[in-house]
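Next, two complexes with subunit A in common: one pairs it with subunit B, the other with subunit C.
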Partner chain A sequence: MRADRFDFRRVDFPGRGPLLVFAGLLLIVIALKQGFSAFDLRSLCVNAAPLALIALGQFVIVLGRGIDLSLGPIASVCGAVMALTVTDHPLLGIAGPILIGLAAGLANGLPVARLGLPPIIVTLATMSIWQGMALLVMPDPGGNVPAAYQAALTGGFSEPFLGVAGLIVFCLAAGWMLRTRFGLHLRALGGDEASARLSGVRVAHVKLGAYVVGGLLAALGGMYLAVATSSGSPTVGDSYILTSIAAVVIGGVPLSGGRGSALGVVMGALILTITGSLLYFADVSSFYQSIIDGVILLAVVGSRSTWDWIRDISGRTSWPSRTGRAS
Partner chain B sequence: MAVTDRASIVTEPKAPTRRRFPATAPVLLLVLTAILLGVGEIMAPGFASSDNMLQLLKLSSFLGIAAIGQTIVMLTGGIDLSIAWVITGSAAVFTANCDGQDANVPIAAALALGLGLLVGLVNGFGVVKLKISPIVMTLAMNNIMLGATLVYTGGTPSGGSGPLVRALATGNLFGVVPAMVILWCLLAALAIIGVRWTRGGRKLLAVGENPRVSFLTGIDNDRVTIAAYAVSGIGAALTGILFAAFSGATFLGMGDQFVLPTIAAVVLGGTSMFGGRGGYGGTVAAVIFTTLLTTVLVIGSIPQGVRSIVYGFAVLTAIIAQRLLTRRDDLTQ
Partner chain C sequence: MLSLTEIDKSFGTTHAVKAVTLDAHPGAVLGLAGENGAGKSTLIKMVSGAISPGGGRMTLDGKPIAPRDTNDAITQGISGVFQELTLVGALSVEQNLFLTAAPTNVLGMIDRRRLRAMAKEVLARHALGIDPAARVSDLPLGSRQMIEIVRAIERKPRVLLLDEATSALGAKEVEWLAERIETLRRQGVIVLFISHRWDEVVHFCDRVAILRNGALVAVSDIDALTEHEAVRLMTGQDSVESAFPEKQPPRDDQLLVARELSSPALRNVSVELRRGEILGLGGLVGQGQSALLEGLFGAHALTSGTIVVAGKTFDAPSPRRAIAAGLAYVPQERKTEGLLLSKSVAVNMTLAVLQHLKSRFGILDLAAEATSSRAAIAARQIRTQGPGEIVANLSGGNQQKVLLQKWLATNPSILLLNDVTRGVDVGTKRQIYALIADLARGGVGVIWYSTDARELVGLVHRVLVMLEGAVNAELEGDAITVDRIVHAAVVGSGARHAR
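Entry: the complex of A and B
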């Protein structure tokens, strides 16, 4: 019976593409290394987790057709505050960074949602502000997070369970959020703002909410980093400014908003993390890592349109679309 | 009689439409710049002297040249994040091939500028033909150039620029005016005239304003957009060559400090993020303003953290002020 045969092409779910890409890269790593220990799994997940959190924050904002360049520096500030305070005042050390993240998201969201300013330039300004704040809070890397936090969050060095569970929890929590009324409204406004407004979505509120959730997730990402490294650093988040956007895009989310899945974004973070080990085990200089990342990014967003272009190149005259726009 | 009647109807003046003053942003910035100069003069007497102002202009010129391409790309409604590593990469190519000899300058400069042109063309091709969003396309190219530069230099850029280029980047002409300032003035004039008064510039503004209308007018949108990214690539490469000559050597990451300031300068200068409106004149004012702001904070020995916060608030305040001043105009967009 034809219909009984299992056909993977029919199994479609959001985030399937990035999941397959990640699975492929993982298989290559396993083949090169001829094995994959619990320690490897643990470090992969724990290294990917902060990026996954910050990228999920970016994802929520991108869903509403926004973008946020300040998430990385927000993570720096929150991680630094946690590393400085949590040893002496556990409650302050945990609640403080979360409140900072919420406030930072609010500060990003208000000019965008209320004044209609372009998000890229607003968050460019707040990026600079939070980078400065991080340097004021903690001029040099330092601080301390008790080892108990690390054990509770990431497990022992060869104990992969908590790391994997963390990523699954992020997926489920973000997936659940997209199904709430807020998530539905957010996807609606990302798909078509004018229609969403006419359907009764309070566009400004929802946009503001997206930036606040983004700030919160960036704060959690910064705290995860602080716990995993037992310290803080004023510049640790800077590398996430653009990688968080890359992870979202590799995760199959268009920057034009409205579509995408949490699973895809977490896979995007895992893909960007595993390329490092891939090169290491393939015995290739780590200099090539950013080339690979760039090529993966282009391959993910450009493969289909490249085929279209090659097919069209003989007989064309297409109607110009409004592509070529930054936001 | 009837004819004159009809003519009078046709020529009857329409109700005056309120048009905002076209150069709000640059004028606002020049006023702020003057205030900053005053503050600088109070903090360090001699700050507003013509000599020091020329030095400030020289400092601004590198960011200014990098911002030419960013302005042109943003006029199409795009953005170029790849200039960071195009600057570093072309500087590395230039210094390695030049190796401190004037005789090697033409070939080294040609290679570096060719690299910038190539990256620009690839960016434009991806944005236009493959319909990849400009942020993603130029971000990916930036990553690729980062890796390519690391591989090319093996992690340590070598060589140096010829004395001639070094003189251009650091020296003065006629004993007083820095050569960089003159070069910047020439390029700025070229960019302003090119955008405002040439056929290519008109096409650029048309594509940025409304790609469908420009397409129906017979403009080859794709070619215009690709050309814009190509100009940005060449501009970034030129910045890389000059900045490497100015610094004495290429260092990795030297281009990172240019990306976001160029975007901030373009937007502060009144160019719309959505394309079609603005020009390089406003960008020049914004580049001078932001450089002056940083300099005043440095001479006030303000720590870097506070400088960065003040810079962020200045950008934020300026765009909010612009939006509030031009709100009426934007409602009709």
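Entry: the complex of A and C
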């Protein structure tokens, strides 16, 4: 026994892997830039926050073995509606997008939960529908969100506090939800739908709930974007369609559902955001960002099976001479 | 009282349950016996709400019931344990036990401490030494089945349905269930019990209803019926000679010699197998029997030991090399490890021998596949509409025959069988016994792990009874009796040899 040696493998908590990857990337950025200012921290957090929100929505759906391609366009519509209305009708500008998000989630969830349609097809269709709706609502980028909202949500340009606090609150809120009975049922559903049903879990309700929560978080993500940029755009959410799935996977959640942590997903969002800064400070063209993101995604998905494989073949080659080890 | 009146069900052209009228009384255990396909499971599934009756009425304590689904049945006081386990493998024991009733705190979060305490209390009350925090998928099948039983009982049902609930339990665990059922009997619960093992029906039930081809052929007090009569009623045949074919002496040449195999699940196990020999593995569930079979097949990593197959040392074992060396392994969980349920009978039967199938330019000759499959279906008496039928539609016994055929198609010289008759009806069992005895007569060496001690007594030349990963006793010839096997499964340590 090596009790005297610190063994990091024993310090385990959900989301540890993505946290380490993010910490490593952050250290590289700090080394390249030789420092990290309050401004840098604020931009990192504020840039990552919309992705974190939408990815958490995706996470809740993936946890129950679903998937949602429409979250990005839902965010677009909600951000656009907010930018168009909030200046004149603050209440409508805030409540409207939230209601739209909930309704959009319901529209995704009902066909999946009640009719048993495959989620990837249903949300591929609604993705297209919401993309069209966004263009109808707001044909060109525009609208306005008063600066006071931005000050309240993100703080000033060199005040990192609100940005950081935002990410922590997202983690806590999502962590809370996973610990409720709904969260347990969601994991049961992702783990084994037939067993969950036979164990008395109301599978259709839980599925529907997941898509509604997903729609709500997408709406909040779109609103965060609108506030942070003081405007709306009909296509702003499109880039989140697949990055929200990537953030979930990089966050350590298998697409087959059943397990994962909110911390991991938020770290996934931060990782996909910090690669942009990394390239900027390394003086590499930003065209490389999506290549880097893709490599990270492959590395994360591949690392576990690669590790298993290495262990497997190293275990085999020494057979049968190796004597029994204590276990 | 639970009363079924003229309950009827058809699936397509199959008349699965024919106007069954039956009463089950409080504080008594009613057994449902019959061959596979006799309609026992279909009948019990209608009571459980899993399928809806095609006709007839059900009443519970005088009130009509018609459960919409299993959850609805649970709220009406009908709870069950079925052949398919329904625990979520990815969750812990405690989360599974209280999946829909987990205690929450003021924030709506699950109160882990209280959940742990509740789970500990329930497990202790039912005399189960299982860690409440363990992941269900890490537990052996027997433990999972016991948790499933506990969960059903903890719903405080008026009617408890047990459909092959003992299939993964060893002898000691069956006694455990007997104690649970005794308590329920005292509490006046109505228990319906399905088992393929007649001795268990006798052990657990007060009355038995016998079904054949979907129709009720007899209801009797258990004491008023001998096993002979019961089997005759179930099969409709008068000849109920021993289910086991005569044992042929094995030949002298060694097929397989394994020395001092060790792994986390095995302790210095040595095995020898001769041509034509059927070697049994016995003992309680999860004492290393599966690990041994998988170790020999290269599917379970061994930490030390040597395996010699037909004179050749077999190092770096892997299933691929094992198959090449003439080994075949029929796993226990036919649905997850053995069969592709959504594929056809033909695909499943030829999967292990695809490289030998005729092909042209790499495209498989499907006509040849169908022809050979048809021949195999006839030879193995598999009840199916044809090679194209999806395996999931077949009954359990017929699925098992498809699985056996998949491996027999490789013409193995050593056959490793992991409890292949679990959950299989008497008729199919008998066919499997005859088939294995035939293979042994032809020189194949068989290692057979069975949870049914009578099966070992009737079939094998030698038994290794395992306990905690080691061979606890070796019995040979006339020394193989149910009593000795059961005794060696729980008592003592150190290898003993009886002849």
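In the analysis below, the second predicted complex is superposed on the first by the 299 of 327 C-alpha atoms of A that agree within 3 Å, B and C clash if a C-alpha of one lies under 4 Å from a C-alpha of the other, contacts with A are read in each partner's own complex, and residues count from 1 in each chain.
Everything that follows uses one rule, which is that contacts are C-beta pairs under 8 Å (C-beta built on N, C-alpha and C of every residue); 3 or more make two chains touch, one makes a residue touch a chain.
The shown structure was predicted, so the numbers you read here are calculated from the model rather than taken from an experiment.
Asks: Can A:Arg179 be said to touch subunit B (first), subunit C (second), both, or neither?
Replies: The answer is second: A:Arg179 touches subunit C but not subunit B.
Asks: Which chain, subunit B or subunit C, ends up touching more residues of subunit A in the combined arrangement?
Replies: The larger set of subunit A residues in touch belongs to B.
Asks: Jot down the residues of subunit A that show up as touching in both complexes, subunit B in one and subunit C in the other.
Replies: Touching subunit B and subunit C on subunit A: residues 319-325, 327.
Asks: Which stretch or stretches of subunit A touch subunit B in the complex?
Replies: Answer in residue numbers: 67, 69, 111, 115-118, 120-122, 124-136, 139, 242, 245-246, 249, 254-256, 285, 287-295, 297-298, 301-302, 305-306, 309, 319-327.
Asks: Hey, which residues of subunit A end up touching subunit C in the complex?
Replies: Within the complex, subunit A touches subunit C at residues 176, 179-181, 183-185, 187-188, 190-192, 194-202, 258-259, 315-317, 319-325, 327.
Asks: Enumerate the contact residues on subunit B facing subunit A in the complex.
Replies: Where subunit B meets subunit A, its residues are 74, 76-79, 81, 126-137, 139-144, 146-148, 150-151, 154-155, 211-212, 215, 221-222, 225, 260, 263-264, 267, 273-275, 303-313, 315-316, 319-320, 323-324, 330.
Asks: List the residues on subunit C that touch subunit A in their complex, please.
Replies: Residue list for subunit C touching subunit A: 70-71, 74, 82, 84-91, 95-96, 99-100, 102, 104, 107-110, 151, 262-264, 301-306, 315-318.
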